[in-house]
Each structure stands twice: as structure tokens, then as C-alpha cells.
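Just below sit the structures, each encoded as C-alpha cells.
Note that chain A is present in both complexes that follow, paired respectively with chain B and with chain C.
Entry: the complex of A and B
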């Protein structure tokens, strides 16, 4: 490889004193600091960077920027790196994708020979039949030919991707002269500005411009850096614009995260992305050595790379003319300037791994290794499309222009029109001032609407009228295709011939054509291809381009990595005040909804037995707790529970079940009346938030006349259940002002008292475990002291903590169902066995008509207790209950455990009503295919259905 | 993500709130037929245009309130 590096150029961005070592397809190569991967390789004489997707044609530098379809490379463990913009770094291992066995000898090139079979719709037509080949043959073979690199996710060295929220008054998309001037104009008018540029440095086309342009850039850059109101992000992309100016920015220049997704709520969005140079369609337009004028000029001026030796320049505009000068200054022999404006045109290019000759329309053939084309511009109107705007084609200027923009979106720079550097800067500056005015008025109105928390600073700024002098629409020849056919979509290997064939087959609207041929569906998503595709369609249908329309550009503007979208996961975990203690004492953690809980402390069965025979304590803090105060609490409870509440006396608790408006069981729990107007409600752990919000909904929108205050106290009160035959004995040692005897404190009662010197504890006597038990709700700041006091005072009684698993065993022995485990999204009140509880004669309760309807039905499944006939067989939870040897499903097991107390397996199950009678033998289909007999029990409780153990 | 104007907290990102759907009238549960009840439960206008809908300011003041929103443009106006 010979060096193509030029002597120092006035605007170069490379640092010649810092050499960077990297590898290219395994071979050591060098570049300079400031090089992109592509420029470093080009400086080393690399012509071929990739092979094309279908035909495996040689491909080289085409645009030398983000949109270059030929510069997707594998860099270390990262596939699809845009080598045109990715800066070179020490030690990078860069390689080609989609070649086998090597870039020079790629067997995929055989596709070229069968190219005529790979035309539009080839895959649809070829791989339909026979179907049995889909998975194993077609898929695995086609995979090998698919483009894209390899993700080494197991060995990835990337750090954590990140996210950020931002609230700039003005966001400017594009850091060229107009964008920089807009940022300055807006900032000086008092707005906070976020200026986003895709390239590694600000300046846009000024970066590779002449002395005057670079001088203007220096001035702008100095001003932008000095302006405190402007935050600059380079190597960053505005990827999407959503409703109410919600703008997504993919930040690539973050010092720590490989990429950061910035979610910005923007007052005004200034779209100033410049223009994207458009390739011309002709035979051989993808041969290495054929490149756009922007690529040639950037290679020379930014990275001092000589793009070729003998050049033909095809020019239709001033940028093409400037390229001629740049090439000549760089010592490239410009052998022919083909000026479209005088009627001249290129017909085709010839070459394989490098351009060899150019054939002109006038018949001449010119030997050259470089063909530079400057044939027009595509306006990247993506962000405007995302706002619902449809740009309009102007044939005089041969490009699309935005019209009728909404107030909160403004455009400047090339997308809005042409101008000298001074004109672009003046337009940008005026746009920035206008954007600032609109955003500051919006900010003022939003603050004024936030009545209680903030007040606006003074009156709203006066609205400015748009007095900007519009940028010109410079005349430009319409050149889309030469007389020959060539590639429209380089990344997808779609040619103009394919498009014309597709139109002939009836896919003659641009949206259908896109999907049939995959044109514009490559990584550039149409930035290079859309207008050419529409032009070919217009030509084949004999229509005006303006009437064809274009495909709609949707987010993201440029490809983004999935890691950046995922970002960090912020999922807070709730911990009770005792969780540290649990973890210090050997608890196995269980993630249950938002909460982390102790599953067990080593032996769940022993913990359960200790509750049955002695006394145990369990931390049940996640249990939802809602403090209700006011004269109308009973009315609220009558509405939200299926059962009666008006009659509950002070000092008593009651079990309540809730259904939703559709009659499905939604939650349950115990609620107690602490005093006349003060109640404490408990809910399931997972339903705590939903029940609270539901209560608020009814109070705010259904019955605003009711006087009830709702306060969630789930975390504020730490709940400890003291369970087992010795629980009263234990608590009597610690409770000072409550008589715990059965007569004074009967089952299903509530008392408030002092526990272990902690006042204001709520104690209620209930029995989820089926044993004598007291649930103590302690202000969380004192929870640890109470917990440790219980263990210390209960030492001689064998008091030990038990976890969630032991509790599950105990409650299943007792036959208590769990909403969401033993019921599901279809379970109505009769299924859960709420018959005795539901009061259908109420005039209003949630889901009343559905409750009444449910009790008319006889086909609803019924929750029953089931015991396998073989006590050692343990059915899996969710095992199906089937009809004998058939496949007819008649129910399922909802809970299943081995009972240490009974020494056998026990279950709850939902069964069809004809199986619900006690004594019915049902068939459970095990996961291994066995069908085992089991018998329906008379009561839900497998143990002590009369409740003798808990009423002592 | 749209901005929803909470009457107490001011304009907020919609993720701070919950869209509770179109405003629907709840029939008298004691007298409603099942058909009326299920119309209330399941049938919505789902209009392309202006709809009245309830939002819940779940990460702010925790108030339920009603706004009118244009489902085509996401324009929002007060209920008046």
C-alpha cells in the first residue's frame, strides 16, 4: 500500500504528529489522529472497502460521511460501524463484513453471474416453495449471504449506555453555518440552546471550504464556544421528532457512555441539516473511484488524502466546480470536466476493483481512476415529515422544499434555500431569534399554567413576526439518470432496471415499489436513494416527479444501537425496614413485584412446622395498607367491597373481597375500624397501588361529596405477623396496654397499643396461616427494635423467623386462596367461593350487575381443594385437569405444595362445575404426560376447617 | 410523548400521568340491564378527532381530571 497523503492542507483536521496504529483485515496499518477510519484507509491506498449485498460487487468510498452505503465495517466487537464518520482510535481491529473467505476472493461474487435472476421480487418468487425448506435450508443459507457484521455480545467490552432528559428552549439540528448562527441568535435572545451536529466538528460545508469560508467558520466557532447559553453535541444525531416537540437525540460524544439517548422537550425546533448530495444513476456508478464531489473535497481538505490520479468531473453546480479546483490544487490531473449545464453527460463507467475509464454521451472514452459527480441535492426533510409536514418538489431547483411549517418548527440553511455564507448566517441568525421568541412565549405560558408551584417572570414576550428574507431557490438542472441503468440503492443492490421491472409488474406507487424491491430500505433509509427512486418511477410512468410523492421518512433519522435505546434500567426495588436484618440472617431473597422479600432462611419446611408447633414471626410489610379517615369511610367500603361494612363495630376487623366493574375478583384483604371515623384497610401486596388509585378515583369523580381522606401507609407501617400456638404468650411479654386474652381480644378484632415500648402500634388478630396469630403494624422507624425484641423474648418459646415460602405452605394447608394465583383475569366471585360474602341486594357496589349475572350462571369454574390419591405425587402449579384419557381440559391446579403437617401433597384447583362436588375423582395431567387421580375435598381447608386452632 | 396540562401541576409529560380513557357515563348499577352495563364497560367512540378523556396525575398531585384532546393532532383544550 502506498501513501496517498497530501502535504499539509490549510483546513485539515488531522494531527500529523500523532500516529495511530490499527489493523485492516488483520494487517497492521497506520493513520493519524483526526482521521476517520475511511480516511485513514484511503490514505493508505485502500480502494475496496466492502462487497455489495446481493452481487458482491467491489465498493469503495462514495460519500465519505455517515450516509456512505459502502463503509459499514466491523470494528472490534461492533458491527455496522460507519467508517465515514467514526474517528480512528489506537488498536482498532477493522474488517470488512459480508465477505467469505476474504475481501479479495469472495465467493458471493458468483451471484453476479446469476444477477438477472436476483432482480426485483426474487426472494418472494423463489423461496416460497416448498415450505419445508423454509426453516432449515433457506434460512440458514440466506443468513450466510446477509450483510451486517457479527455481534460479539458475550465478550462485549462496551460500557453502560445512558439516558438523559433535557429541556432546551431551542434545539438546533445541524451545526453548519445556518445552524450555528441560529444557535447564536437564539441564545443571544435569551433562550437556552442545544446545538446538535452529526460530524465530529461544527461547520458543515465550511469545514472543507475555501479560505473565506474557513475564516467565517472560525468566527462562528469562537462565538458558539463563548456563548454560555449554548450546549454543543457533536457526533450526535437528532433521530426523531414527536408530538409537542419531544425530540430524541443520540449523543455520540459523551465521555463515558458509548452512546446516550437524550430525550429533549423542546420549545422551538430549528431544522438546519443542510443538504445531502445525490448520486447519479448510470452504468458503473458504484465502481470504486466513482464518488460524489463532497467525498472528494472532504478527503482532500479535511484529511489531506489524494482521492485519485486522473479524474473526470461531472458537474451541474458550484460545488462541482469547486471540486475541480480542489482536485487540481491537490495535484490530481483533471482530464475532463463534463458540465451538465452545457448539455454534456457521462454515459457509463468501466472498472472492477477500481475505475478504469469513463464513457461520455458524446461517445468519447476517457481513461481515469476517479470520477467525481456533483449532480444535485436531496433535502433531508425527515424531521419535518415526522411533524406531519409534506415537502413540495420544485423542478426549477431539482429538490424538495418545506412549506407551511407549524409555529414550533423552523428551518434554515440548505433545506430552506441557497445563499452565500453571509446570507446563510444572516438567515440562521434571524431564525434563531424567531425560534427563541416563540419558545420563550411558550415557556411563559406553561409557567403561567402551573398556578401553584411557579409564577412566570413578568409578562410574556411580545410575539415577533417572521420578517426573514427567504433564502433563494437556485436553479439546478434535473439530473437523476444518464442514458444507462445503474444502482439506485447501493446498500440493497437495487438498480433502476429493477424499479422499472417492478413498475411493469404493477408495483407502480412509490410505497409499493419500495416494499417490493427494497429500494431505500438499506441503512441510509433513502437519504441517498429516495429521490432517485421516485425519479425513475416518474420516468417509467411518464409522470412529473412532483406528482409521484416520496416515501415517508420515519424515525430514526440515522441507525441507532439497541443498547442506547435500552439505556440503563431504573427499576427501584422496595425494601422493608427489616430487609437488612433478613439478609444478615441468611434469608434467600425473593423478588415479588416491586418488593424484595425473604423467601426462606434456609429451611422453609422447618419454618412452617415451627409455626404449627411453636411460634414464628414473618415480615409482611409489602401487604398494602391504606389509612382511611372521615365520616363516610363506611360508604366507600360498601361501594368497593362486595360485602357489608356499615355494621362493623369499632375494634373489629373484617375480611373483604373486591371485584372490578366487570365482576372479576380484583383484590382482597382485611380492614379494621380503629375508631368511629378511622379505618385501616389492607390489600394484596401487588394490588396496593391500584386499590389506592381506585379509591381516589371513586372519591374524586364518583362521589366528591363523601368526606374521606385516603393515605397509603404501606411503607410507613412495618407489618409483622406473629403466628403459632405460643404467639399470645410471646406477645403478652411485650404488649403493655392491651389485654390479649381470647375474651378481651377475640378473633377478627383490632386493638391499638404499645409493643416493645413502641406506642401507636396496630394489632389485629387474624389467621392467614391457620394458627392463632396477631399481626402487628409498627411505625417503620421502630420496626427493627420490635422485631429483635420478639426474637429475644421468644427465645425460650422457640420463636424464629419464617419466610414467604413457609407462609405459602401454611396458607395452602388452611385453604386460603391468593388473588392472582388461585384466581385469574376471568375469575368471578362464584369461582372464588365468595357466595356467602357477596350482598347482591346492595343498590350500588362495583360490578353489581356482573355480580348478579354471575350468580345466575352454572357454568363458571369453581375453586376447590384437591388431594392427589397418591400422597407422594406433587402436581405442578398450572397442571391441567383433563377429562379422563381425552384432551378435554376441565380445569387446572392453581396452587400445589407438600404439606409437612399432613405429610402429603395438597392443592387448590379451578375445576369445571361438574367436578366440584366433594369426593369427585379428577384426572391431573402431569408435565411428564402421566395422568394421576386426585380427589376433590369438602372444604378449601386441608387442615382444621372449623378454625379451632386460630380461635383459642 | 405528549404534554398534558394538569390543572394543578401545570403541563407535564404524559408518562407522569395515566390516560384513563374516554369519559363514559356509568349507568345506575341497580337498574341497568346487562347490555347497558356492558356498553359502559367495553364500547367506546374511539373518534378520530376531539374526545373528552380522563387523566390521572399519578406522579404529581394525584388528581383525576378531564381534558379534550384531538386524537388526530394531539391538540389539547380545556373542558369548556
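Entry: the complex of A and C
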């Protein structure tokens, strides 16, 4: 490769003293600090950077910036890197994507031979028949030709993505002269400002401008850096604008993360992204060596790269004229200037891996290796579209302009009009002042309305009127397509012929055409293609471009890594005060909702047997616990539970079930009355939060006159269930001030006392296992002491911990149902067997009308206990209950376990009412297809349905 | 009870950065008393430091949290004007609490909390509730000698996770984070 590096240029951003080594398709290459990947390769004489998606045509530099459709490269393990803006780094391994076996000899080029089958909409016309080939042939072949690089996720070495929030008064999208001036204007008016620029440096077109423009840039840069109220992000993109000026920024210049998503709530958004140069449609417009004027000027002025030897320049504006001067100054022979303003035009370009000649409309053919085009601009109105704005086409200026913007969004710079550097800066500055004024007025009202804030000093700032001098709309020729056809969307290989064909097939609205042809659906998302596509459609339909409309730009403004969207992974988990102990003692962790729990300590069956025969302890902290205080608590309980509560005496406990307004069982638990006006409610583990919110909702909106205060205390009270025939004996050794005898402390009672010298414990005589048991609620800061004391004092009684799995076995033996497992989102109270509990004569209970209706029905499924006739067969949970040998479903198994106490399999199941009678033999369809008989039991409890074991 | 060892969900973590840019300490043993109904004359969203060191926080409308040194539950409760319409709950054991402090504290918190933490909207003494790394938290801006600091409390069971998440956010600003507190 030969060097195309120019002598030092006045505005170059490269450091010639720092050489950077990297590889290009496996070959060692050098660049300079400050080079982008593309500029470094161009300096080394690389012409072909990629192959096109469908036809695998040679592609080279076209825009030399973020939007370049030909510069998506693989860098190390990162695919689709924008080589036009990604700065070179030592050791980078850069390679082309979507080629095989190599960039030079790519077999994909054979697609050209079948190109006529790959025209518009071919996705919808091919690979349809024969259908059986889809899985084994079409998919695998298409995947080989899929564009884009490869994610080496197993060996990925880049760091974690990151996220932060920001609340700038003013966010300026675009760091050109207008954007920088807007930032300064806003900051000097007292606003905090976030200035975001896609390129590696601020300045926009001033970066590659003349001496005066660079001097202006230096002055602006110095001022921006000195302004403490401005935070600058370069290599960063404002990717989306959402309601209430919620703006997403993808920060690319952060040293600790490859990308950081900044979620900004912005007072005023200033959109100043400049303009994007538009390519011209003509035959051969994608040949390496055909590039836009901005690309040529950036290569020369920023990175001192000579883009070619003999150039033809097609110009319709001042930027093209400036390109002529830059090329000449760089020693490029400008052999022809084709000035659109005089009626001249290029007809086609000829070449393969590099431009060889240019054919003009006047019939002349000129040998050249470089064709620079400057034929107009696209206004990147994406952020404005996201705010609901539809830009309006101005044929005199040959571009779209925003109109009627909401107050919190302002525009400046090229998107708003044309101007000299001074005019752009003046407009930007005035825009910044206006944006700051609007934002600070908003901030004043926010402070006044925010409880935590410092009260605003004085009145809100007076509202400024918009007195900005509008930027001009300079006349520009409307040139979109030459007399020949060429590519409209380079990334998708969509040509103007394709668009005309699509319109002919009936896809003649811009939105339909986009979806049918995929035009504008590549990585640039229409930044280069939208206007040209609309122009071709207008031409084919014989309409004015202004009447065609545009596609709607939605977020993201530019492609985003999925990893950046994921950001840091926050998955809250909850741990009881005893979880460290469980893990240190061999517990297998179980994630139950957000809670980490001990599933078992090695042998769940042995743990269950120890509870039946001796005593065990289990950490049941996730059980929801809600402190209720006030004289009207009983009224609240009457409202939310299906049963009665007014009569519950102090020291007693009652089971309650809740239903939603539709009568479906929503939660259950026990509630104890600790004193006249102090109650403690328990809920299911998963329902604790919802029940708390429901209680607060009713108190704040339904019955604000009731004096009740609700406080969730789930984590503050570590819950330890002491279960088994020896549980009373064990607790008596540790409880100092509560009589635990059956007479003094009967079943379904609650006391407050001291356990293992820890005061303020709540002791419940309840249980879920069917054994004599006590539940001890301990202030969590002392829970470990109580847990260890129980184990130590119970050593001679065989006390051992048991986990969730043993508890599930025990509760199923006892026939206790679990809301959410044995019931579902359709299970009304009759299904759960709450008949004796529900008081239909109450005056008010949530869901009461539905409950009354439900108890009139005879078609609701019923929860029953079921035992397989073969005690060794264990149906899976969710196994279907079917009608004999048919496929008619009559229910399902909701819980199943092997019972070590009974030596057989046991289940709970929801069955159709005709199967609910005790003794009914039902058919369970096993996962392996077998149909097994099982018999409905008389009671939910498989063991001790009279409760003799727990009432001792 | 004050003789009993208080077991913190945050394991008495004390993390700092070499230059003092940021620090994170366990404050879970702090006495925390929730008062609802009729309470002190401290407005919602504001806080007031009493001469005895008790910080009264206006946590929500008609709801205050009294924060005092460890083991001072009885003392704090005795000082509260109790009426029939007042409810007092000791939530010391139910809330994990940490202090994030240092010149970079606000920047670190802004990585995991979406609230506007600017000085005028969240000044020293501000009390607010917010999601911190997806956990519902109560926060107090509690500067010390002009250095930014935030008291962050959450339901106790989330504590171990939350301190890892906050430490992860603060790592960028120099906080030394031991392996056992690593989030990923």
C-alpha cells in the first residue's frame, strides 16, 4: 500500500509523532493518533472498504463520517463499527464484514448474476416454495449472506455498558457553530447545559473550513471549555426525544464504558445537528472514488489524506466550490468542474474497484479516479419528528424545514436555515438565551411545586419573546437524479429502478414503498436516502416532491448497541437476615420471586420427617407482614377479607382470605390482634406489596375517615417457624415471659414476648405444616441470635433447619393450598373451597357482588385432594385431568409431591364440578402420554384432617 | 436490647476512595422511628436536625421518620408527642441504611437514581423517595461540613443488593469495592 498522506494541513487533527499499529484484514498497517479507522486506511491507499449487501459490489469512502454506508467494519469483537468516526487505537484488528472468502475475491458477487431476481420486494416473492426447504436450506443459506459482523460473545473483552441520569436545563444536539453558540448563550443566561456532538470533536463544518472558520472555531471552543455550566459529550448521539423532553443520549466518549446511555430530562431541547450532504442518483454512483464533497474536504483538511489523483467535481453549491479549492490545494488535478447551476450534469461513472472515468450529460467522457459531488442537503429532522413535527419541503431551497415547533424545542444552524459563520453563531447564541429563559421559567415552577426543593427566590423570569433574526433559505437547484439510474440506498442495495418498479406494483406511497423495498431501512435510517427516495417516487408519479410526504423518523437517531440499551443490569434480590447462615450451612438457594431462600440443606425428605417426628425450624421471613394500628382496623379487615373480624379478641388470630372485585382469590394469611388498636397482618410472600398498596388505596381514597395506619414490616421481622411435636418443649427453654401451654396459649393465638433474651418478639401459635408449631417473629437485627439459640437449645430434641421443599411436602400432606399455585387468575372463592369462610351477608366486602354470584353457579372448578391409584406414580404439576381417553380437559394437577409420611404420591387438583365428589376416579394425562387413574379424596388434607397433631 | 449485637444487612461496610472523593458506609444500626398522623412541625420533603442529634425527616404527607444514634429507640419515642391519632413504629430493624458521601456523591447517585439532584431542587436537608437501582428507597440529603452526603434507606431485605449497586455506581469515582460486594 502506498501512502496518500499529505504534508501538514492547517486544520489537521492528527498527531504525526504518534504512530498507531493495527491490522486490516489480517495485514499490519499503520495510522496516526487522531486518525479515524477510515482515514488511516485511506492514507494507506485503501480504496475498497466493504462489499454491498445484496450484489456485493465494491464500496469505498462516500461520506467519511458516521453516516457512511460503506464503512461498517468489524473491529476486534465488535461488529458494525462506524469507521468514519471511530478513532484508531493501538492493536485494533479491523476487518471487512459480509465477504467470503475475502474482500478481493468475494463469491457473493455471483448475486449480480441473479440480480434480476433480487429487485424490489424479492423478500416477499422468493423462498416461499417448496415450504419444506425453508428450515434446512433457505434459512442456512440466507444466514451466510446476512450482512453485519459477528458478535464473539463468548470471548468478548470489552467492558460493561453503563447508564446515568441527567437533568440539564438545556440540551443542545449538535456541536457545530450554532450549537456551540447556543450552549454558550444558554449557559451565560444561567442554565445548565449538556452539549452533545456525534463527531470526535466540536465544530461541525468549521473543523474542515478555511482559516477564518477555524479561528472562529478556536474562539468558540475556548469559550465552551471555560464555561462551567456546559458539559460536553463528543462521539455521542442524541438518539431519541420522548414526551416531556425526555431525551436519550448515547455517550461514546466515556473512558470506563464502551457506551453509556444518558437518560436526560431536559428543560429546553435545542436541535442544531447541521445538515447532511445528499448523494446524487446516477449510474455508478457507488463506485469507490465517488464521494461527497464533505468527505473529500474532511479527508484533506482533518486527516491530511489525498482522496485521488484526477478529479471531476460536480457542484451545485458553495461547498462544492470549496471542495474544488481544497482539492487543488492538496495537489489533486481537478480535470473538470461540472456546475449544476449552469445546467451541466454527470450522466454516469465507470469503474469497478475504483473509478476510471466519468461520463457527462453532454456526451464527454473524462478519465478520473475521483468524482466529488455536492448536490444538496438533507435536514436531519429526526428529533423534531419524534416530537410530532412534520417538516415542510421548500422547493426553492431544495430541502425540508421544520415549522410550528413546540415551545420546549428550538432549532438553530443549518436545519433552520443558511448563514455565514457569524450569522450562525448569532442565531445560535440567541437561541440559547431563549432556550435558557424557557427552561429557567420551567425550573422556577418546578421548584415551587416540589416539596424537597429550596423555595425559589423571587418571581419567575419574565418570558422572552422570540426576536431572533431568522436564518436565510438560500436558493439551491433541485437535483436528485441524473438521466441514468443508480443507487438510492447504498446500505440496502436499493436503486431508483427498484423504487419505480415498486411504485408500478402499487406500492406508491412513501411509507409502503419503504417497507416493500427496504429503502431507508439501513443503518443510516434514511439520513442519506429519504429525500432521494421521495424524489424518485414523485418523479414516477408525476407529482411535486412537496406533495409526496416523508417517512417518519423514529428513535433511535443512529444505531445503538443492544448492550448499551441494557446498560447496567440491576436485578434486585431480597435476603432475609438468616440467608448468609443458610448458605454457610449448605443450603441450596431457591429464587422465589425476588427472595433468595433455602430450598433444602441436602435432604428435603429427611427434613420433612424430622418435623413430623421431632422439631425443625424454617426461615419464613418472606411471609408478608403488615402492622395495622388505629381504632378502625377491624372495619378495614371487614372490607378486605371475606370473613368477619369485628369479634376477634385481643391475643387471638384468624385466617382470612381476600378476593379482588371480580371474586377471584387474591391473597390469604392470618391476622392477629396484639392489642385493642394494634393488629399484625400476614400475607403471602409474593402478595405483600400488592396487599399493602391495596390497603393504603382504600384508606386514602375509599375511607379516608377511618383512623388506621398501615406499615409494612416484612423485612423488619424475621419469621422463624418452629414446627414439630417437640416445638413447645424447645420454645419453653427460650421464651421467658409467655406461657406456652395449650390452655394459656391455644391454637390460633398470638403473644408478644422475649425469645432468647430478644424482646419485642411476636409469637404465633399457627402453622403450615400440620404439626404443633409456633411462628416467632424476631426484630431482624437480632434474628441470627434467636436462630442459633433454637438450634443450640434444641440439639437434644433433634432440632434441625428445614427448607422450602420440605415445607411444601408438609403443607401438601396437610392440604393447605397456596394462592397463585393451587389457585389462578380465574379461581373464585368457591373453587378454593372457602365456602365456610365467606360471609355473604356482610354489608361490604371487596368483591361481594361477585362472590354472591359465584356461589349461585354450579360450573366452577373445585380444588380437591387427589391420590393416584398407583402410589408410586407422581403426576407432574400442571398435568391435565382429562375425560377418559378423550382430549377433553376437565382440570389440572396444581400441586404434587411424594409424601414420606404416607409413603405415596399426593396431589391437589382443580377439577370440573362433576368430578369433585369424594371417591370419584379421574384420569390424569402424564407428560409421557400415559393416562393414570386417581381418586378424589374427602378432605384437602391427606393427613390428619381433624387437626389433632397441631392442636395439642 | 441495647446490649444485644445488632446484625446489619450491610455487614458494617465502610468503603472509601483513596482521595476522599467518595465514601459509602453502613448506617443500618441508626435508630429509625416512623411517626404517622399528628407529628412535628417539619414539612413534607424537608428535615430538621435537633440539638440532641435526632434528625426529623418529613418522609411523606403526615408521615415523619426520626433518625437517631443506635439504641435510642426508647429515648426518641419518649420525646414524641403522642396522641390517639398518632402511630409510632420502630422500623430500625426493617430498614437498611447507608451513607453515600463525598464531592462525587451526587454524580454517583445520578447513575442509579433518576431524581434531579441539583442543589436548588434537592438541597441539603431534602427528603424524598425514589427508585435507586430499581429499589424503592427513602433518601435524605444530609451534607456534612459542606460535603455532599445522602442517607439512603430501603427495606432491609434489599440492603445487601442495594449497597452492591450503589458501590458499583461509585466505583467510577474511585470507590474501592471488595469482591464480595461486586454487582457483576
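By definition in this document, the second predicted complex is superposed on the first by the 948 of 952 C-alpha atoms of A that agree within 3 Å, B and C clash if a C-alpha of one lies under 4 Å from a C-alpha of the other, contacts with A are read in each partner's own complex, and residues count from 1 in each chain.
As a convention for this text, contacts are C-beta pairs under 8 Å (C-beta built on N, C-alpha and C of every residue); 3 or more make two chains touch, one makes a residue touch a chain.
It should be emphasised that the depicted structure is a prediction, and the values quoted were computed from it without experimental measurement.
Participant: Quick check for you: in the superposed arrangement, does A:697 touch first (chain B), second (chain C), both or neither?
Facilitator: A:697 contacts chain B only, not chain C.
Participant: So, A:449: does it touch chain B (first), chain C (second), both, or neither?
Facilitator: First partner only.
Participant: If you stack the two complexes on chain A, which partner ends up touching A:543: first (chain B), second (chain C), both, or neither?
Facilitator: Neither: A:543 stays clear of chain B and chain C.
Participant: Touching A:853, do we find chain B (first), chain C (second), both, or neither?
Facilitator: First partner only.
Participant: Between chain B (first) and chain C (second), which does A:717 come into contact with in this model arrangement: first, second, both, or neither?
Facilitator: Once the two structures are laid over each other on A, A:717 reaches chain C alone.
Participant: Quick one: classify A:573 as touching chain B (first), chain C (second), both or neither.
Facilitator: second
Participant: Based on the superposed arrangement, let me know which partner A:662 touches: chain B (first), chain C (second), both, or neither?
Facilitator: Touch partner of A:662: chain B, not chain C.
Participant: With the two structures laid over each other on chain A, which partner does A:591 touch: chain B (first), chain C (second), both, or neither?
Facilitator: Neither partner.
Participant: Determine, for the superposed model, which of the two partners chain B and chain C contacts more residues of chain A.
Facilitator: Tallying touched residues of chain A, the top partner is C.
Participant: Once chain A of both complexes is superposed, is A:212 in touch with chain B (first), chain C (second), both, or neither?
Facilitator: A:212: touches no partner chain.
Participant: Taking the contacts chain A makes with chain B in one complex and with chain C in the other, which residues are shared?
Facilitator: Comparing the two interfaces on chain A, one with chain B and one with chain C, the shared residues are 263, 265, 446-447, 450-454.
Participant: Along chain C, where are the residues that touch chain A in the complex?
Facilitator: Interface residues on the chain C side: 1, 4-9, 28-29, 34, 36-37, 43-46, 58, 84-85, 87, 89-95, 110-123, 126-128, 133-135, 141, 155-162, 165, 168, 172, 183-184.
Participant: What residues of chain B sit close enough to touch chain A in their complex?
Facilitator: 1-3, 5, 8-11, 13, 20, 26, 28-30, 32-34, 37, 40-41, 54, 56, 58, 62-64, 74
Participant: Can you list the chain A residues touching chain B in their complex?
Facilitator: 242-244, 246, 263, 265, 446-447, 449-454, 661-662, 693, 696-697, 700-702, 843-845, 847-850, 853
Participant: Given the complex with chain C, which residues does chain A contribute to the contact?
Facilitator: Result: residues 160, 162-167, 192, 256, 263, 265, 443, 446-447, 450-454, 456, 568-577, 595, 621-622, 627, 629-631, 707, 709, 711-717, 757-760, 779-785 of chain A touch chain C.
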